[in-house]
Amino acid sequence: MVVPLEHVIILSGLLFSIGVMGVLFRRNVIIIFMSIELMLNAVNLALVGFSRYHNNVDGQVFVFLVMTLAAAEVSVGLAIIVALFRNRQTVNINEMNLMKN
Amino acid sequence: MDLSLYFTRQDLWGILPEIVLLVGALIILSIELFARSQRAAMLGVGILSLVIAGGFASKNFGSSFILFQGMVTLNDYSTFFDLLYMTAGIVTMVISYNYLERKGGETRGEYFALILFATMGMMLMTRGNDLVIIFLGMELLSLSLYVLVGFLRHDVFSNESAIKYLLLGAFATGFFLFGAVLVYGTTGTTNFQHIASAITNNEILSDTLLSLGIGLLLVGFAFKVALVPFHMWSPDVYQGAPTSVTAFLCTAPKAAGFGALLKVFLVAFPALHADWQDLLWALALLTMIVGNISALVQTNVKRMLAFSSVTHAGYLCIGILVLNEMGVSAILFYLLVYSVMNLGAFGIISLLEKEEKGVNFKDYEGLASKHPWLSASLALFMLSLAGFPPTAGFVAKYTLFSSAISEGYIWLIIIAILNTLVSVYYYVRLIVNMYMRTSEETLVPFLHPLLSVVIFILAISIMFFGVLPGWLIDTVTQAARIYT
Amino acid sequence: MDLIDFIIICIKVVLVFAATMLAVMGMIYAERRISAFIQNRLGPNRVGPKGLFQPLADGLKFLMKEDIIPTAVNKPLYLLAPAMLLIPALMTFAVIPFGSSLTLFGRQISLQVANINIGVLYILALTSVGVYGIVLAGWSSNSKYPLLGGLRSSAQLISYELSMGLAIVAIVLMTGSLRLNDIVSSQQGHLFSWYVFKQPLAFLIFLIAVYAETNRLPFDLAEAEQELVGGYHTEYSSMKFAMFFMAEYANMITAAAFTVTLFFGGWDIPFVDEAAMGNWGALLSGIAFILKTAFFLFLYIWVRWTFPRFRYDQLMNLGWKVMLPLALLNIFITGGILTIIS
Amino acid sequence: MTLSLLFYIISTLTIGSALLVVLNRNAVYSAVLLVFTFFNLSILYLLLEAYFLAVLEIIIYAGAIMVLFLFVIMLFNVGKEQVLPKIMSFQRAVSLFLLVIFFTGVSLFTIQGVQDLHQPAGSASIGNVTAIGEALFSKYLFPFEIASILLLVALIGTVYLAKRKI
Amino acid sequence: MGIETLTLDRSAIQGEEMVLNIGPQHPSTHGVLRLQVVTDGEIVTKITPYIGYLHRCFEKHCENVTYEQVIPFVDRCDYIASMNNNFGYAVAMEELMGIEVSEKVHYIRVIVAELNRIASHLLAIGTFGLDVGAFTPFLYCFRDRERILDLFELLCGARLLYNYIWVGGVSHDFPIGFVEKVYEFLDYFEPKIQEYNDLLTFNKIFIERTADVGVLPADVAISYGVSGPNLRGSGVKWDLRKNEPYSIYNKFDFDIPIGTGAMGTVGGCWDRYYVRIRELEESVKITRQALDQIPREGDVHAALPKKIRPPKGHVYSRTETPRGDLGFYIISDGKPKPFRLKLRSPAFTALSCINEIARGWMIADVIAILGSLDIVLGEIDR
């Protein structure tokens, strides 16, 4: 397949930006979290592209580690969300304002 | 495939502290599993493993190794940080002896185990010589901290701060990772030395992409060490987290963040120093001012200290800006002193805290008459944070600012000094509340001999480093010399 | 890849697809007849000789039935869910070799749709995706029983996938390849080279996990009719219900074929050199494969009509506290033995 | 050529579904669309000859992570989001500004020159299981072990936080 | 466990609880019963049974028909064990009227009652297996129950609602060859009990599902007024056939099986189930003895008056049906129609304790517990 590296990176950048937008504009904690997953996937795509470009395996191993992290982070994150929901019944970040003076 | 090529005896010796911490954590978890609520035993194992790991780590002082084909470097710089983390870990464990019970929670094995894991993560951050290791260390630290911050799982504040910390931490990870990827993409490697050589030999794919990558890395670090405008999580998290965790959170991880940041910029991108100078200048300025002004209006002591730590991060940025031997050693010195002060301050707050009380300025009225020694120590930590001589805080600020002046950042230092003067207001306010006001109801501290000893040692060391800083300055200079 | 290869692949795809669907129908007939036999009943015997056309009649009936879409459902996902379950179920068979290679007009044709080097992972990936159909069917029905069924199954499938994967890891360790062809060819020769004899523990774990993965009794908690009425497909009717049904049977067929491939030598006939026999060998091996698969399908039916059902927490305990440690232990033992041997 | 075309088609689908993930009101739709995005990404990995990662993407992201998400969404029935996004806050404005800078940077990179991903012949083996496995157990042995500790921490944390009675 | 504990529980889990209506259309409510179950995830925190879907004004009906016309309504109460219900009503009426029936009638009644007990227990066992997911034992039980129903069809023409035992006698004598057929059935049936044990009783999964589940302690059972196999499953040796022998039950040699906690806790679902299995054996034993001793000659209508007109007064009489202690309270004002007739339903008391014993278990257990209590809605709703 002949695709310029730039196009892979641009795609990755777009995905990353979409993820960032999601984090910034959504109020539902779970969707924010999903947007973060989108960002990590953008990172993975870029890594695969670069790995292919440099023709070394380092990038792909990095992806492997990022996936591990993503799984770990999601499990802890969802556990925290569950714990919070037990006590407060909300997933809206705007309602998480107990600590404002 | 012969594994022995990739995993030598030297590698094993090098990561012995990590192994000790891992084994300690596993022992604690086993105690939790088989003999429930053996708090003293778990605390003992935790402290013991930190001490043993510290012993193994300090054995390397004065020598340097490269392990795992350049993944990890061991030298005085990393050892200095290792010992700093371990000290913070021990103090945190002691002050949280039964803090969680007083807040309606339960001190469980997971708590101590996670502190050990967090320490391990931090060690990897400053030992790592590869973006992959830094990334993994950072995440090991962050994951442990997410759980620790939310450790009072029936407490809404704790939940809420955990979720904020998690979301922004994960967000920051995204930025850090994208930065790392762009650096990898442009240079074709994640090893610091190789990156540096690729940059000096100009074998990079694209300058724009590299600068972008460095910028994103910086953003990631800025989130982790709470530089303005990426600091918004810190007050909420510091306030909502259990105070013992806050003590840990605002000292060791911040040191680790700065340590890793310094290492990345010192080893991987020294050639591009000029490119990001202005950015750091602005960051330092913003961080100092915003942190200070926000701290002025707080009524909650934990929140005030959170903003104060933001301000301190701003001062530390000045050191990164300087980035010569003097600057780096000043940062190391500052980080150590800062950690001691904050551990002491938060430690005392955690002793005074009970259920809902003990975190507002008002609660401290009239404390001095009832508990003179405790008040005196807290006052000492506050004065040190404000930078009064002859405390260590003064020496730290002095070395930092003088290193910046010698590099010509006059304006920045003037603003920094002005900031320091403003900051006196909120630190002294607490002292005024303790000594000059009275109240019928004063706080009752929880005092355990072990705790008193630890607080005493922290207070003494603040005075000691303030009066006789020479030995410490020699040490940090030696540690800083590695990379500059 | 020239045109003829492409045509051959197309033929194989169509053939496998048709065979799977035919097997699904056969399976429905077999289930009804065998269950009747087990329960002292006659079973369907009116439509066609010995009731052989009963599945066709069933299918027709499903087609003719009114397609009810309750008003409160989340329509897009409600419509999508059966397909999301059926598609992975039908896709999985692609990597399973169902016979040795055939030589026709001077061309070597391997009896397998796709010979990819990560066949095992491919199957694991598809099984892990299958859960969406169930979960979304449960959620989109906007009803409590389906929701509970969906929740149950998502937890169940994730839990048992672990043990299943770890059981397979032991096989992969011994073969040194994730390609299913390699796994089959490493079991050729005499009977005891089948992995069921070399890895009995892995086989047991795998078998149990596969029952859980296909939602069959004693692990059919997702659709336990006595508790959850119909589980995730309570609100479904007509052809959409039939699709759930077909997916379940297709999954069983694939799982049986996968079991045979991993542990029973695939298409291998012990003590017989299929390759030396040419096309007859291929044919025989194909028949051997079908017979072995049929045995495991029979086992499914047999077990289903014999055992009671587990409770949710018992299922989880079994998965996490028994199967997972055993599977890990098995890997350790296998790894240790392999290290000593080499 | 066909494969290149496929790349662009899949890319478009990826972007589209990712946008919908972010813009959708219903959390379950977002989750399902995110799964679809992951499938597309997996195909992109295949096209970039990272076969192992393509399968991993499905097993880990689609098969485990997103199921967890769906599980939590369904458990708490938090599908719909009532509150509309508020007006721009300072932080968001700053972040958006940085985003624009970021994107300009990437675009600048594109203008600089086109680097083909065409690979030299006979070196297409970096994407397979063997290559990654060997790297993981040689050069990346240490990170690999740390990753396992990372998972251990996640396990401890999750069990502690989410389990009602420990 | 009082209301305080319950409210405390609720506050601890608020927000996650879900109200689930099991029934009235549900495969395992054993009729038209609605259980409103409050669950926390899968854990049940509260169960409220809603009954009355099958209410037919049985007691009011009875006040409007003559005493002999009550029998068909009694049939329809516990439609699984009509013979036993008829038996109970007949015993009560005879006590009220002070009449004594012939020896032969007693034997006939015991034989059909015990056969019906076997049929009823078979249904209970089969559906209980079904409730925990085992389909096949259900059909095995039906296979054997079918034989009993065939016998009853031969006896009185009906397969479910027999109207056979009348006040003062039975409707008619055994047909020719009936006794032999019953012998034949008993010989066939006795080995089958072992088959159930092999198939279901000692299945590991079945034991796991039922042994420690839904434990009904003896004191709770007594205070709720639970009776029959459910009470005996809790280890209380109480059977009206032994403790307050009516009819001629004192003539037979049989045991009262009680729950021993052989597989788990005493009073678990498995114990209740196993008591029923063992009672099958005991019923076979009683039937065999009755068949051996039954007098060849005798009038089965002898004591039956032309028009039933009991003296003024009231009576409470109870008999042991397959579901337990079935009581009839009849007030007579001397007219041909009862002034008041009250039925004490054993299934009703069994159902009433479900909130007590099923709380804290999972939804699947609630189904199993309900199955182990063996309720019949016809009798509960009346």
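All chains are identified by letter, namely A, B, C, D and E, in their written order; residue positions are counted from 1 within each chain.
To be clear about the criterion, contacts are C-beta pairs under 8 Å (C-beta built on N, C-alpha and C of every residue); 3 or more make two chains touch, one makes a residue touch a chain.
Given the structure is predicted, the values throughout are model-derived calculations rather than measurements.
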item: Minimal step count in the chain contact network, subunit A to subunit C; value: 2
item: Top-ranked pair of chains - ranking by C-beta pairs in contact; value: A-D
item: Remotest chain, subunit E as reference, centres from CA atoms; value: B
item: Mean-CA-position distance for subunit C and subunit B (Å); value: 53
item: Mean-CA-position distance for subunit E and subunit C (Å); value: 44
item: For subunit C paired with subunit D, centre-to-centre distance based on mean C-alpha positions, whole Å; value: 29
item: Centroid distance [mean C-alpha coordinates] between subunit B and subunit A, Å; value: 25
item: Shared interface positions of subunit B, touching two or more other chains; value: 132, 136, 139, 143, 146-147, 150, 153, 209
item: For subunit A, residues contacting two or more additional chains; value: 9, 16, 19-20, 33, 49, 53, 56, 58, 61, 65, 69, 72-73, 76, 80-81, 83, 85
item: Residue numbers on subunit A that touch subunit B, as the complex places them; value: 9, 16, 19-20, 23, 29, 32-33, 36, 39-40, 42-43, 46-47, 49-50, 53-54, 56, 58-59, 61-62, 65-66, 69, 72-73, 76-77, 80-81, 83-84, 87-88, 93, 96, 98-99, 101
item: Subunit A-facing residues of subunit B, complex; value: 132, 135-136, 139, 143, 146-147, 150, 153-157, 159-164, 166-167, 170-171, 173-174, 177-178, 180-182, 184-185, 188-190, 209, 235-236, 239-240, 297-300, 303
item: Residues on subunit E engaged by subunit C in the complex (per definition of touch); value: 18, 20-21, 26-28, 42, 129-136, 139-140, 143, 199-200, 203, 205-206, 208-209, 362-365, 367
item: Contact footprint of subunit D on subunit A as seen in their complex; value: 1-11, 13-22, 24-28, 30-31, 33-35, 37-38, 41, 44-45, 48-49, 51-53, 55-58, 60-61, 63-65, 67-76, 78-83, 85, 91-92, 94
item: Contacting residues of subunit D [partner subunit A, same complex]; value: 1, 3-4, 7-8, 11, 14-15, 18-19, 21-22, 27, 30-31, 34, 37-38, 41, 44-45, 47-50, 52-53, 56-57, 60-61, 64-65, 68-69, 72-73, 75-76, 78, 81, 83, 85-86, 92, 95-96, 99, 102-103, 106-107, 109-110, 114-120, 123, 126-127, 131-132, 135-136, 139-140, 143-144, 147, 150-151, 153-155, 157-162
